[in-house]
Structures are given as structure tokens and as C-alpha cells.
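Each of the next two complexes has chain A plus one other chain: chain B in the first, chain C in the second.
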Partner chain A sequence: MSVEREFQIAPIVQEAVVHNSRTLLNLQSLTASLFGVGAGILGLESYSGFLFYLVCSLLTAMLFYVVRVAPTSLASGTGTGGGGAFDTSRYFRSQVEFWTGGLMNGLAGFILTWTLFYGLVRA
Partner chain B sequence: MTWISKAITLFGAVLLGHACYSAQEHSALQSFKAATATLTSSSLAVASLPVDIAIETVIAIIVILFGLVLGTRPLRPIQWRVWAGKIEREGEEGFMDNDGEVNKDFVGNPFKFLETRPGFVDIRKQRKEFASWVKTSSAQ
Partner chain C sequence: MAQVPVQTIHRDPQLFYWILLPITAVMILTGVLRHYATVLMASAPKKLDQKTTREQRALLRGINVRGNFHTLAKPSFDVRRDALTTAYESGAYLKSPENRGQAPPNPLSDPSSMEGMMGMMKNQMAMIIPNTLIMSWINAFFSGYVIMKLPFPLTIKFKSMLQAGVATKDMDPRWMSSISWYFLCIFGLQSVFNFLLGSDNAASQMAQQMGGMAPNAGQMFGPGVDPDKQFLAEAENLAVIEHYSVLDGVEQRLLEGIKV
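Now for the complex of A and B:
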């Protein structure tokens, strides 16, 4: 089935898509700077700092899934793509964007606060 | 709900601030020790961050993260049928912010144009009324 035909049969609410992705983006950019503060205080360098960021942003996505996405998605049962746990199709169009979108969105803020606090603490 | 997330975030921020200050003081103390050690020419091992400060930092980050996630706005279903069904069932209740206010871009019932329509109009009766009104106004 073509994509256009699929959209006509199961239409998508654009405002809801924008609202959801903006909520997620706000959270990601806020927490990325927070992780930068943590990495600076811990004094992480090079790869271990980026690994810290990777783990923390995955943790953010996980926590956001548990608090906001999972209760209603699993309760309704409908509106999901047929997947069991870790299915975000009720609120987000692509799974990959939900789980790994934070890595790119917050990287600049992370490095900014990381270097700042590393310099502040170890001056 | 919102004050819980704010309280958790604030508590985490206090922890993080304390950890940051402790780490800064620790590194200042280390550099002072190193300076005196070169004067007295005694050997000194370079100490890394104490483990309690590291633990405090990690816990503070997790606490703030939890508070921020709790403070996010509720999501909305993106599929039209799920979204419209939610409005039908819950009305304004389902589209509230954390503060208990309805969202500004809440549009209301999406089926309104189907559920309300004008009834039939008796055009002959209206025409008679108009004709009598014209007569009475011209008679005066």
C-alpha cells in the first residue's frame, strides 16, 4: 500500500505530532546540559565522557517512556503498531527518532557545559 | 502534580551544587598540597575525585532527571482516530497541562460539523410574514 493511501485511511494529527516532538526536544536539551555538568564534575575525559552521555541519554529516553508513553499505550492496547513493550507508535512517528534523537539534539549543549564545568572545577 | 516534580528537581539541584562545590574544594586542596609538597620535597600521589563526591553527582543527576521527566507535559495521540476518540471520551479533561489548565490549542469536538446542522426552514411562512410586514409598513 502506498504511503499516501495509508495516510488517507489512517490520518495523522499534525498538531499532536508537533506537540509531542517539542515536549521531547525540550526535555532532551535540558537534560543534555545537566549531563554536561555531571561529566565536568566527575572529570571525565575523551571517550568516557561521550560514553557517559550516551548512557545518560538512553536513560532519559527510557525514563520518559516509562513515565509518559508506556502507561497509556499499554493500557489502551489499540493505537499501537502491534508491538508489545517499547512501542512508541501511539505518540511518535518513528521509533528510531524517539530512542536516539536525543543524542544529536543535545550534543552541543552537553559539550558546552562539560568543558565549562571541567574548567571550573579543575582550575 | 507539578509541585512534586519541581520539589524533586530542586532537591537534585541542591545535591548537584553541593557535589560541584565539594569537587572544586577538593581540587583546590590537592593543588595546595602539591605546592607544599614541592617545597618540602616529599612524594605525593595524585588523588582522583573521592568516591563519595562521584556517587553524590550521579545520584543528583538521576534525581534531577526524574524530576524533569515528571514535569514534562502529557503527550497526545497522533493517530486521528485515537485522538478524536480521546476527545469524545474525556473532553477537556484529557487535554490539560500539568497546572490543570486546558491547552490553548485545544480545538474541541472534531465531529461538531457532523453533529450540528440547521433544521428545515419554512420559506412560505417567512414569505407571508414578510408580505404582511410590507403591507403594514406601507399602510402607515
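Now for the complex of A and C:
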């Protein structure tokens, strides 16, 4: 069966997709600013700061998956996608966007608060 | 190898209260102001008369029938296609049937199109004017101060950008002046605005530029487009559809889905 017909049988509602990704974006930008506060207060510099950001945002995505996405996805047989664990296709179209989108979306906010609190606390 | 000693600069703590805080507060308040100015300046969509509305809705109906034909049964789709095609080709839905076949009016002479351009101009102005004002304000009051140190090292190329107005040759490019704090605020405050104003705010100029690139939905009925040509094209689109229903073979799919 062609992809087009599959979408016609199980259509994707655009509003729901937008709502889901907007919720994710809000979480990402808010937590990125808070990570910046944390990194600034800890006084992290250069690589360790960016590493802190990488680990923390991956951890956020992981928690988001465990708390919000996984229970319903696993209960319903992971929606339309066929994957096992770590499959977010029930709520998000792109897996990459879910797991690493926060890195790009929150980076500017992270650097702003990191600089601010580093400047206030250390330098 | 000798270690390069870390530069330390003793700065007056008052710099924080008199430079950092005002710039940040002004940036946040400008974002809020820009959001509400955009909300207030947004002109309500103009009321269209009955004929124009009918023309636009008829075209939209054709597009919707074309897009969702798979949910219709074969006879009902055929009836709809026949009715729409006949009406399109006879020009029954046109606003002014006597103008058929004439060239569309020049979009620049049409007063309704001027309003659309004015709206775009207003948005551009709401973005440019505050930015220019704030930048010249920072340059006039706060240039020449070193206020903060970046937590990550940068190459020497950034020095002229970050330390504009500070003419010190040997200073580490990590030290930044007030104008670079302004740039950081421009890029980084989006999350603050998300938090304060909701996520579809108009505060950030970044989001506005992104929105400007997306194709405008109102373009379809814009001035200078001949509705008669649109109708004929839509009739052709409807004619070439090869109809099938989404319910074709549904029994088969149902039986496959049942696991005993």
C-alpha cells in the first residue's frame, strides 16, 4: 500500500502536531535557561559548560519520554510506528527532533543565563 | 612552557546596577511593548461583500473536494465534481461575470491591496525603530565599559565585535562590553518571552523574520489574480482525479487486524 493511502486511512491532524511540538519547545527553552543558571553558579567554563548543557538536555528529553510519552505509547503498542522502547512516533513525527531538538532551541537562552550568572557569581 | 596568567580585572560592582540591569530590563520591556503594539496595530480583517465571499468559498470548496475525495463514495464524488465543474466553467460563482476574459486590474491601483502592504510596513517599522533606538542609546550611554567575562574562550576575531569602544590591545576577547550584552539579549531572551507572553508572541524579532518567510495564505485571493482563471484551473484539477475510496478493501484490512 502506498504511503499516501496510509495517511488517508490514518490521517495526521496538523493542529495536534503543532501543539505537541510547541509543548516540547516551551519545555526546552525554559529548562535551557535554568541549566544556564546552574552552569553559571557552578562556575563551569568552556567545554565543561557545554558538556553540562548536552547532558542536561538529553536528560530532560529522557525524563520527558519516561514521564509523558512512554506510558501511553507502550500501552497502545507504540501507536503507528513499529519500534519498541524509545519510540516517540505516537506523538512526534521526527525522532531526531524529539531527542536532540532541545540542543539547538535552547542554546541561545542557555548562553545568556550562563554568562549572566557566571558574571555575577565568579568573574 | 610558561602559563599565561589569567587576566583579572577589578570592576566596580556598581557596574552591575547601572549597566547590566538597565539594559536587560529595557530589552525585556521592549519585547513586551513590541508584543502589545503588534496586537493593537493588527487591523481586523476587512469585511467582504457577499459576492466576493461566494467567489472565494466556491474556490475553497473545490480545493477541499479535491483534497478529501477519498472520504466520499463514488456517486457522491461524481455529483459534486459535475456540479462544481459546470459552475466553474459557466462562471456562476464569479463576482462580476461581465468582466470575464478581461485582464485583471493593476494591483498597485487597487486600494485594498495597499492596506496589505501597509500592514507589512507597520510590522517592519515596529521591529526596526526600537532596535535602532536601543542601540544608539547603549552606544551613547554605555560605550567603553567592560562589564562581564564570557565563560568560554573565543578567538581573537571576536574582539572587535565584543569589545567595540574599548581600545585595549592585549585584553582577552572573553571580556565583553555592554553592546555585546545587548546582542546576547537579542538572541537569548526568546525563552523569557515564551514564559511571559505565551509561545505565539510577537516580541522576538527572530520569530517575526521566520514568519515572514512562510508563504502567506492570503496570497491566493490577492489582487491581480484572475478568479476566472483560478476556477478553470480548479475545474481541470477536479477532472483529472482518479477516484478511489478509503473504504476500498476495508474488510480485508479489518480481518488482517484481528488476531486470534
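Definition applied: the second predicted complex is superposed on the first by the 113 of 123 C-alpha atoms of A that agree within 3 Å, B and C clash if a C-alpha of one lies under 4 Å from a C-alpha of the other, contacts with A are read in each partner's own complex, and residues count from 1 in each chain.
Criterion: a residue touches a chain if its C-beta (ideal position, glycine included) is under 8 Å from a C-beta of that chain, and two chains touch if they have at least 3 such contacts.
Just so it is clear, the model here is predicted, and its values are computed rather than measured.
A.B. asks: Check the residue A:L25 against both partner chains and state whether it touches chain B (first), chain C (second), both, or neither.
C.D. replies: A:L25 contacts chain C only, not chain B.
A.B. asks: Quick one: classify A:S33 as touching chain B (first), chain C (second), both or neither.
C.D. replies: After superposing on A, A:S33 lies in contact with chain C but is clear of chain B.
A.B. asks: With the two complexes superposed on chain A, say which partner A:L44 touches: chain B (first), chain C (second), both, or neither.
C.D. replies: A:L44 contacts chain C only, not chain B.
A.B. asks: Using the touch definition from the top, say if A:L120 reaches chain B (first), chain C (second), both or neither.
C.D. replies: So A:L120 meets both chain B and chain C here.
A.B. asks: With both complexes superposed on chain A, which partner does A:V96 reach: first (chain B), second (chain C), both or neither?
C.D. replies: In the superposition, A:V96 contacts neither chain B nor chain C.
A.B. asks: I'd like to know which partner A:A10 touches here: chain B for first, chain C for second, both or neither.
C.D. replies: After superposing on A, A:A10 lies in contact with chain B but is clear of chain C.
A.B. asks: Hey, what residues of chain A end up touching chain B and chain C alike?
C.D. replies: Dual-contact residues (chain A): 26, 30, 120, 122-123.
A.B. asks: Under the definition above, what is the set of chain A residues touching chain C in their complex?
C.D. replies: For chain A paired with chain C, touching residues are 5, 8-9, 22, 25-26, 29-30, 32-33, 39-40, 44-47, 49-50, 106, 108-116, 118-120, 122-123.
A.B. asks: Taking the touch rule as given, give the residues of chain C at its contact with chain A in the complex, in rising order.
C.D. replies: Going by the criterion above, the answer is residues 16, 20, 24, 70-71, 147-153, 184-185, 187-192, 194-195, 199, 246, 253.
A.B. asks: Which residues, counting only chain B, touch chain A once they are in their complex?
C.D. replies: For chain B paired with chain A, touching residues are 16, 19-20, 23-24, 27, 48-49, 53-54, 57-58, 60-62, 64-66, 68-70, 72-83, 105.
A.B. asks: Give the list of chain A residues in touch with chain B in this complex.
C.D. replies: On the chain A side, the touching residues are 10-13, 15-17, 19-20, 23, 26-27, 30-31, 34-35, 37-38, 41-43, 56, 59-60, 63-64, 67-69, 72, 76, 78-79, 90-93, 117, 120-123.
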